[in-house]
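What follows is a group of structures, each given as structure tokens.
Shared between the two complexes below is subunit A, which has subunit B as its partner in the first and subunit C in the second.
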Partner chain A sequence: MSLQVIKHGDVVVVEVDGQLIVGNRQELKQRVLDEAEAGARKVLIDFAKAGYIDSSGLGVLVSLAKRLRELGGDLRLANLNDDLQTLFELTKLDSLFQIADTRERALESF
Partner chain B sequence: MASNAALDLRFPSDVQQIEGIVAQVVRSCRACRFAGRQLSLNVPVALTEALSNAILRGNGEGAGKHVRLRADVTELRLVLEVEDEGEGFDLEACTQDPTTSENLAREDGRGLFLMRSLMDRVERFRGDGNVVRLTLLRR
Partner chain C sequence: MSDVARVLDAFSEVYGCGAVLWLRGAEAIEVAATSGGDVTPPMIELLGDDETVRSRDTALGRQLVARIPGRTHAWLGIGPVADDDAEPRRWMRVLVPVLSQVLQSQWEASRAADELAERYEEINLLYSISEILGRTVTLEEATRTILLEVAETVGAEYGALFVHDASSGLLRPVTTLRVAGALVPLAIPTDDPLSVTARVFRTRHALLVNAGVLESDLEAPFRQGAMLTVPIVWTTPEGGIPLGVVCLSGRRSGASFTAGDEKLVAAVGSQIGTAIQNARLVRATLDQERLASEMRLAHDLQLRLLPDSRVVAPDAICAARVEAADGVGGDFYHLFRLGDRRTGVLIGDVSSHGYRAALIMALVMSAAAIHAQTTADPAETVQALLATVEEELRETEMFLSLCYVVIDPVAGTVRWTNTGHPHAFVISAGGEATRLAATDPPLGLGPEGLHGDSRPWSAGDLLVMFTDGVSDARDARGAALGEPRVLDVLRARRRELPSRIVDGVFALVEGHMGRMRPHDDQAVVVLRTA
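Entry: the complex of A and B
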């Protein structure tokens, strides 16, 4: 997995490329926590280039959303493919996150 | 013609091993013409869960421990057996429903649920070590 961080105004966009799984989830967690530490409150994770996500990857997203909400911000998601959409529906995490079809819609939603 | 495959791998108990092993099993399933969704979702996610459970819980991240994976892939089904050096666990008792209001915002507790949701059958038993067997019918 590789991560790319792009700033769109006050929104930090994190692009996930590859699988988000037990072996690399801490990388995403630390990257977003570093951004939050530096003052970011609106974070968008873009999964357009992502592969599959396991339960620990889902857990990291839950943890980051909780942290950002504690800080008065929010974590939102965009570009889930059909497999990821199924995972979020199975686990009902689609009810916990605001999920947009495109990055543009997600950015407008903040 | 599809090509059946059997894998028998023994590897160090390290989560960094998981992605490569999963890719190997997915390749075997692709050769047996499993459906696209099974190749991109069911097999990789369920196997990742089984391997990470074996490494992190079964073996407790113990240095020097190993995990064994046996995979038997045919045109009809995939059978995976993941064996660790732990004492085992009660599959029913350990499977939580992560979709309830009290569990929804938890960081953990989705692994067994996903395994069981994405496979046709999940079993646990004692072999030489603690074994989790996953079965998926080809669609």
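Entry: the complex of A and C
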């Protein structure tokens, strides 16, 4: 997995390329926490290039969402593929996140 | 002198005259070897220090004498020879270098034997240390004995042996000699600019410092005057890796340490280095074996926590199996007879595996056994479970997806609470699979307040639940098995005994994975009511 961080105004966009799994989840967590530490409050994670998220990866997303909400911000998701979309629906995690079809829609939603 | 005697014998046989070799002993010149002929000892004054061939005439004829060059003071005499001694002088020019070479070899062999005898004590020390290190696994046991032996050999009264602690960057004293308890040396940082010990560790070169030179408070407890400090090095094909330092000081004779002492202690340091590394490898191997053993025990223990699937008989027929990916895992199931022919079935997946997940699993298993008997409402049971594990989940950043189903064949209903568990189905007698959809996000992630759901249950319906380790099982190319293929097997075997159905699912999984190891725990539960 590789991460790329891009800033759109006051929104920090994190592009995830590859699988978000137990072995690399801390990398994403630390990256987003570093941005939060630097003042970011609106974070969008773009999964356009991600094919799989395991249960540990889901845990990190929820943990980050909680942290940002505590700081008065929010974590949103975009570009989940069909499998990931189904996973979020089947596990009811779609009730915890605002999920957009595209990055543009996600950016507009903030 | 047997070699010399043989040379002289050969000479006499060929040239028909006698030969004698004189050697200067401690007190006098003595005959060392003779052969044939009649060569009487020469007058002392005939034996010159140069290599000139000298001659003298005797009643038996002329004799020739020459000094043999080399480290040994030796002379060769031959005779009798003809008055015209030109030819015999040529013989001498041939014989003298031969004898010189023989004597030189004998001298070197003798010196080597003497040196060996002189170094016997040191060789014995190295041998003793090899023995000490060879029969011990715990380095601490050996270091004091080694330091004592080395110090005794080089005549040092004070000493200290330090081993490098990579995690702290400190040289820690392992053993000392003649250091009073109150003055036990402290650990020395490897970057200490004043410490000789630290400097030797950094440079990997031995250092001999005289009294009053480079004195450091850190070394005061074990330094008395001049100090010989030598690195302990583990030698690898890529070079030496420093592991510690040996310091010796306070020589009894008052004389300085010598280059020989330095070489000796360096050799000992090299042996200790190998021993340290071996001890560490042995320790790591033992730790690994102990961990593997504990994991096997934990795995057995975990399997014993899972109930026998016959506990729900005669109300239901059930089969279940859990395969842990890491010896101990986070997948589990539980089964309850709830009275009035109702059956409770719980399947869960902790969001990790290994020890921590197994602990959460054990906690949930024990709590579920209590709470399931207090209410037939799945949501209330799971809410009580959440209260039990909530703090643990928060502290470990784990979460728990589970599905708890209560089947009431008398009422013809199935009720469930599903916290983010995707793979729970009722398969009808006709083969239609209906998902028991999640009612809430996984425990530990969602907001408070859990929900429940229900649907009809008919005789001939089959309850099947499995964890994502089954549907996400990967083949050698990384392709997931997928939920649809699992459901195909379940539908195809829906009329078989639950145990055969479970076997069929695992056969599918194993066939898909081939030789790949599972990356996640796998659990399957199949149940039909009687």
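Everything that follows uses one rule, which is that the second predicted complex is superposed on the first by the 110 of 110 C-alpha atoms of A that agree within 3 Å, B and C clash if a C-alpha of one lies under 4 Å from a C-alpha of the other, contacts with A are read in each partner's own complex, and residues count from 1 in each chain.
FYI, a residue touches a chain if its C-beta (ideal position, glycine included) is under 8 Å from a C-beta of that chain, and two chains touch if they have at least 3 such contacts.
Computed from a predicted model, the values in this text were never measured in an experiment.
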So, does A:23 touch the first partner subunit B, the second partner subunit C, both, or neither? first
After lining up the shared chain so the two structures overlap, which partner does A:33 touch, if you call subunit B first and subunit C second: first, second, both or neither? neither
One more residue to check, A:54. First (subunit B), second (subunit C), both or neither? both
Now for A:3: first (subunit B), second (subunit C), both, or neither, which partner does it touch? neither
Given the superposition on chain A, which partner contacts more residues in subunit A: subunit B or subunit C? B
Overlap of the subunit B and subunit C footprints on subunit A, listed as residue numbers: 22, 54-56, 58-59, 62-63, 87, 90-93, 95-96
Could you please specify the touching residues of subunit C with respect to subunit A in the complex? 349, 351-352, 397-399, 401, 419-422, 435, 437-442, 445-446, 468, 472, 520
Tell me, which parts of subunit B touch subunit A in their complex? 15-16, 18-19, 37, 40-41, 44-45, 48-49, 52, 56, 98-99, 104-111, 113-114, 117
In their complex, what parts of subunit A are in touch with subunit C? 22, 54-56, 58-59, 62-63, 87, 90-93, 95-96
List of subunit A residues in touch with subunit B within their complex: 19, 21-23, 51-56, 58-60, 62-63, 66, 82-83, 86-87, 90-93, 95-96
